[in-house]
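In what follows, structures are represented as C-alpha cells.
In the two complexes below, chain A is the common chain; its partner is chain B in one and chain C in the other.
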Partner chain A sequence: MTTMTQTRKAAAAAGLLALAALLPLAVTEPSQQNFLILILMGAQLGVAWNIVGGYAGQVSLGHAVFYGIGAYASTMLLLTLGLSPWIGAPVGGLVAVLFALAMGWPCFRLKGHYFAMATIAVAEIVQVLVTNSDLLEGAVGLTLPMDRGGLGWLIFLSKLPYYYVALGLLVLTVLASWAIERSHIGYYFRAIKDEPEAARALGVSLTRYKLIALSVSAFLTALGGSFYAQKEMFIDPGSVLATSVSIKIALIAILGGVGRLLGPVLGAVILITIEEYSRTLFGSTGSGTDMIIYATMIILVAVFSPSGVLGLLGDLRRHLPGGGRTAAEPGKMEARP
Partner chain B sequence: MTADILIQVLVSGLLIGLIYALVAVGLTLIFGVMDIVNFAHGEFLMLGMYASFWAFVLFAIDPIVALPMTALLLFAVGVIVYQTVIRRILKAPMLSQIFATFGLMILLRGLAQFFWKPDHRLIPHSLVSGNIALGPVQFGLPQFVAALGAIGVTGALWVFLHRTRLGTALEATAIDREAATLMGIDGQKMFALAWGIGAACAGLAGGLIATFFPIFPEVGANFILIAFVVVVLGGFGSITGAFLAGIIVGLIEVLGGFLVGPEYKTAIVLSLLLIVLLVRPRGLLGKA
Partner chain C sequence: MNTAPLLAVDGLGKAFQGLVANRDISFTVHHGEIIGLIGPNGAGKTTLFNCLAGFHTPTSGRIAFEGRDVTGSTPEAAAALGIARTFQIVRIFQSMSALENVMVGAMLRNKRVAAARERAEAELSFVGLSHRAAVPAGDLTVSEQKRLEVARALATEPKLILLDEVMAGLNPTEVREASALVHRIHLRGIASIIVEHVMEGIMPIAHRMLVLDYGAKIADGTPAEIAENPAVIAAYLGE
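So, the complex of A and B:
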C-alpha cells in the first residue's frame, strides 16, 4: 500500500469524523438526534461483532449475551454500590470477557453452523436465567435512578451529550478494530477464517486466536450494552438479551460488509434507517413492513454479494471506466467458502 | 398418586415429542441432502398453520381434512424457495448460507405480520376436540391425533426414502452427492425435492397442531430452536435419529419443566443441545 493511499485514507477518516462531530449542528430535532444515536450504537455493535464474525469468521448469533452482561453489570453496580458507569462499563466488559472465555473454550471446537447454533443456545439460556432471577428483577427489569445526572454519571436530559458519547464509543471501537486489522493478530484471524488447516500447520493456535477475537468483541459489545442502559434508563431481558438483539447485531455487519473495517457502519446506516423510516412511513410497528424490507435486502446481499453492500459498491467501482484499481481488495477474501 | 402424575407427564412429553420429530425430520432431510441449515424451517410450520386457519375460516374445511392440501401447498413453497434463493447459494460461503435462510425467516414472518396481523388466532372448534381419559391419565384428543399424524407422516417418509426409486435417489444424493450424479441422478432435482418434502413435513406439523396451538406470525420461533436440538441429538441428516430424538426431547422438556419449573423448559432443552454438541457432535445416529 502506498503512502499516497494511506494519506488519502487518513484524510477521508478525519473528514468523516469531522462530519459526524458537526452533524448535530444541522440536526437539532431531538427525535432526529435520537435516530442518529441509534445509528452510532448499531454501528458500534456491528464493528465489534465484525472482529470475531468477520475477521475471524466465527459466526456468533448470541452476541446479546455480551450486550446484556454490559447493560446489567453497569446498572447493578450503579444501583447496589452507587458506582458510576465510567467504572461499571469496563467492569461489565471484563465480566463479558470472562464469559466469552468460558463459553468459547468449549464452543470453539465446533465449526460453522454448529458454533452459530451453540451461541444462540447459550444466549437463550442466559435470557431464561435472567428472566427468572430475583436478584436482577427478572422480567420486570431494572430502572436507573433519576436523582443524578451529568457527565460523571453519564445521564443527561438532552440527546446531544449521548450523541457525543456514542460517537466516542464508536471511534474507540473502530480504532480497536483497525489496530487488530493491521496487526499480526489480524493476519492470524484471517488465516483462521480462510485456511484453518494451513494456519494450524504453521503453528497458529486456532482456539487461542478465536478466543482473543471473541474476548475483544465481547468487551466492546458489553460497553455498548452499558451505554444502552444509560441512554434508555431502563433494561429488561427482552430489550438487551433477546436473540433478536443478537440477530440485529450480526445483520448490521453482514449487510454492510463482513470483514471490512467500516462495512458495519454502512450496515447500521442502512438497517436503522429502514427500521425507523418504515415505522413512520407505514405506521404501527406491528405491520411487518420493516422486516420485509430488510429481510429482502439481507437475502439479496447473501445471494448476490457475500461481501455486503460495501463489497457491492467496490464491484461497481471496478466496473466503471477508470476505476480499475484492484490492489488489495479485501472483498476477495470474504467471497471464499 | 405420584406415579399417576409421572405417567401423565410422560404421556404429554411423548405426544409433543412426536410433533417435534415431524418438524425436525424435514430440517434434517434438507441438511442431509445438501449441508444447508434452514433457519426458516419454523416459518414453514407457521405457513402450514395459517393455511389450516384460512381453510377453516374461509371454506369451513377442518385442519385435519385440509392436511393433504396443506402438504401440497407447503411442498410448492419449499420448491419455490429452493428455486429462487437456495439454488443460488449452494456454493456460497457458509455465512451467506446462514443469512439467506435467516433472511427468509424474517421475510416470511414479516409477510405473515403484514397480511394477517400479529394477532394470536385460534381455530375454535375443530373435528378433533375434547379429552380422552385412560384410567387416571388424561390427554387432549387434538394432541393425540396430531401425534398419530406425526407418526404416520414420518413413517411414510421413511418408506418413501427406503422403498421407492425416487426416495432412494434422494438418499443416495444425501450419502454421496458426486457418486449419485455419476449414477445419473439429477442433483438439482433432488435438492428441490428435499426442500419440497422438508417444507411439506413442517407444514403438516403446522396443520396438525393448528387444532390446539395459537397461530401467530412468530410461532415458528418456538419450534425452530427445539427442532435444532432434535436434529443435533438425532444426528444431522438421520430421519430415524430425528424421530427418536424428537421423542427424547419432548420427554426431557416436559419432565424438566415438571421437576425444575416450566419457566426453565427452554433452558433445559438448549442445555441438552450444548451437551450433545460438545460430547457427541454426530448425535445418536448421525454419520461420523
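So, the complex of A and C:
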C-alpha cells in the first residue's frame, strides 16, 4: 500500500472516531443512546470474532461461551470478593483464554464445518452446565449490587458513560485487530485460511496460530461479556450463553465483511438497526423474530455477497469507471470441508 | 563442496493400508546438488517428497538431514530445518498479492514485516516476477504461479528444495527458463530434488538422476548413465 492511501485511511479513522465521540451530543434521548451502545457492543463482538473467524478462517459458532465466561467471571468476582470489574473483566478474559486453549486443542483437529459444529456443541454444554449450577444461581441468573456506582465500579445511572466505555472497548478491540493484521501473525492467519498445507510447508504451525487467533478473540469477547453484565446489571444463561448470541456475533462479522478490519462495524450498524426496528414492529419479546432475521440475513449474504456488504461495495466501486482492482478480496467466506 | 551428505535416506518405505508406495529407498544428496527424480506415473515420487518434507510419516527406514534424524518430523519442523517444497498442483495464497505470498515464506526466518518484505522482493526478482509483485496471486498465469511457489520456498532460506513438476505444462521457452532458474538455485549452494516428466528440462542440468518404479529405486546415476540403463528403458517403454 502506498503512503497516500495509508494517510487517507488514518484520516478516515480519526474522522470516524471523532464522529462517534461527538454523536451523543446530537443524540440525547436515553433510548436512542441505548441503541447506539448496542451497536458499539455488537461491533466490538464482531471485530473480536473476525480475528479467528475472518482472518484465520476458523468459523466459530460458539462464541457465546467466551461472552458468558466474561459476564459470569466479572460478576462472580464482584459478588463474592467485592472486586471491581476493572480487575474482574481482565481476569474473565484470562479465564476465557484458558478455556479457548482447552477447547481449541481438540476442536482444531476438525476442519471447516466440523470445527463450527464442535464449537456449537461446546457452547451448548457450557450453557446446560451453568443453567444447572447452584454456585452460579442456575437459570435464576445473577443480579449485580445496586449499592455501588461510578467509574471505579463501572456502574452508572445514565446511558452516556456506558456509551463512552463501550466506545473505548471497541477502539481497543479494533486496535488489537489492526495490530494483528499488520504483523506476521495476520499474514500467517490469512495463509492458514487460504492454503493450510502450503502454510505448514513454510514453517507455520497450524495448531499454534489457530490457538493464538482463538485466544485473542476469546479474551476480547469476554471483555464484551463483562461490559454487558455491567450495563444490564443482570445476567442469566439465556442472555449471555444462548446459541442465538453466538450466531449474532458471527453474523455481524459475516454480514459486514469477514477478514476486513471495519467490516464487522458496518455489520453491527445494519444488523442492530434491523433488530431494533423489528422489535418495535413485532413487539418487545423479539426472541422469535431475532432468529428469523438472522436466518434471512445468512441466506441473503450466502447467495448475493459471500464477502459481505463491504465486499459488495468493493465490487460496485470496481465496476465504476476509474475504480481499478487493487488486491484480491481478503474477505471472501469460503466453505471448505 | 561439503563431503558429509546433506540428506541421507536409508531404507525408506511407505505403505497406505497395504498399498506400498515407497519400498526400501536409499540415497544421499550433497550440498548444492541437483537431483532429478523420475519414474512412470504412480512410481511413488510425490510420496517420497511428502515423506522428506514431513507430510507423511514413513512406515520404515530413516531420513537424516545434516546428520540429524528427522524421520517423521512435521512439515513445519522440516521447513525450519531447511527443507522447502513446492506442490505439484500449485497452492498459492489466493487472497494475497504475489509479494505477500513470498513474505509468508520469508517470515520463517524473520518475523519483522519490513524485513520479510525486503527479502520477498529479492526472491521475486530472483525468479523474475518483480513486475508482478502487487498483482493478486490468483491473477497470475500458471507458469507465474509455479515460479511464485519457488520464490516462496526460497524465501524460507532452505538448504534443500523439493520441486514437484515445476516444468509441467510450460512451453519450450519457459522450460529453458525454468532449467536456468534451477541452475541459479544450485549456484546459491542450495541442493534440489526435482520431480519432473519433462526430460529436456531436467537431463541437461541434473548432476544425478534417481529413477523410481513401482515404489522402488531402480537406478541412480548421471543422466548419461540413466539414459542407457536397461532397467530404466524397460520401465519407461515396457518390456
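The rule is short, and it goes like this: the second predicted complex is superposed on the first by the 310 of 337 C-alpha atoms of A that agree within 3 Å, B and C clash if a C-alpha of one lies under 4 Å from a C-alpha of the other, contacts with A are read in each partner's own complex, and residues count from 1 in each chain.
Following the convention adopted for this analysis, a contact is a pair of C-beta atoms (placed from the backbone, for glycine too) under 8 Å apart; a residue touches a chain by one contact, two chains touch by 3 or more.
Source: prediction; values computed, not measured.
Visitor: Have a look at where A:Gly82 lands relative to chain B and chain C in the superposition and call it first, second, both or neither.
Guide: So A:Gly82 meets neither chain B nor chain C here.
Visitor: On chain A, which partner touches more residues: chain B or chain C?
Guide: For chain A, the partner with the higher number of touched residues is B.
Visitor: I'd like to know which partner A:Gly149 touches here: chain B for first, chain C for second, both or neither.
Guide: neither
Visitor: Contacts for A:Pro30 in the overlay, against chain B (first) and chain C (second): which applies, first, second, both or neither?
Guide: Touch status of A:Pro30: no partner.
Visitor: Tell me the contact category for A:Gly238 with respect to chain B and chain C: first, second, both or neither.
Guide: Neither partner.
Visitor: If we overlay the two complexes on their shared chain A, which of chain B and chain C does A:Thr131 touch? Say first, second, both or neither.
Guide: first
Visitor: Considering only the touch criterion stated at the top, classify A:Gly15 as touching first (chain B), second (chain C), both, or neither.
Guide: It touches nothing on chain B or chain C.
Visitor: Looking at A:Gly168, would you say it contacts chain B, chain C, both, or neither? Reply first, second, both or neither.
Guide: neither
Visitor: Hey, what residues of chain A end up touching chain B and chain C alike?
Guide: none
Visitor: Flag every residue of chain A that touches chain C in the complex, lowest number first.
Guide: 182-184, 187-188, 190-191, 193-195, 197-205, 259, 325, 327-330, 332
Visitor: Which part of chain A faces chain B closely enough to touch in the complex?
Guide: Touch residues, chain A against chain B: 53, 57, 59, 106-107, 109-110, 112-114, 116-118, 120-122, 124-125, 128-129, 131-132, 247, 250-251, 254, 258, 286-292, 294-299, 301-304, 306, 334-337.
Visitor: For chain B, which residues are in contact with chain A within the complex?
Guide: Spelled out, the residues of chain B in touch with chain A are 37, 85, 88-89, 91-100, 102-107, 109-114, 117-118, 217, 225, 228, 232, 261, 263-264, 266-267, 270-271, 273-274, 277-278, 281.
Visitor: What residues on chain C touch chain A, complex-wise?
Guide: 53, 55, 74-76, 79-80, 84-85, 87, 91-97, 100, 103-105, 107-108, 111-113, 116, 134, 136-139, 152-153, 156
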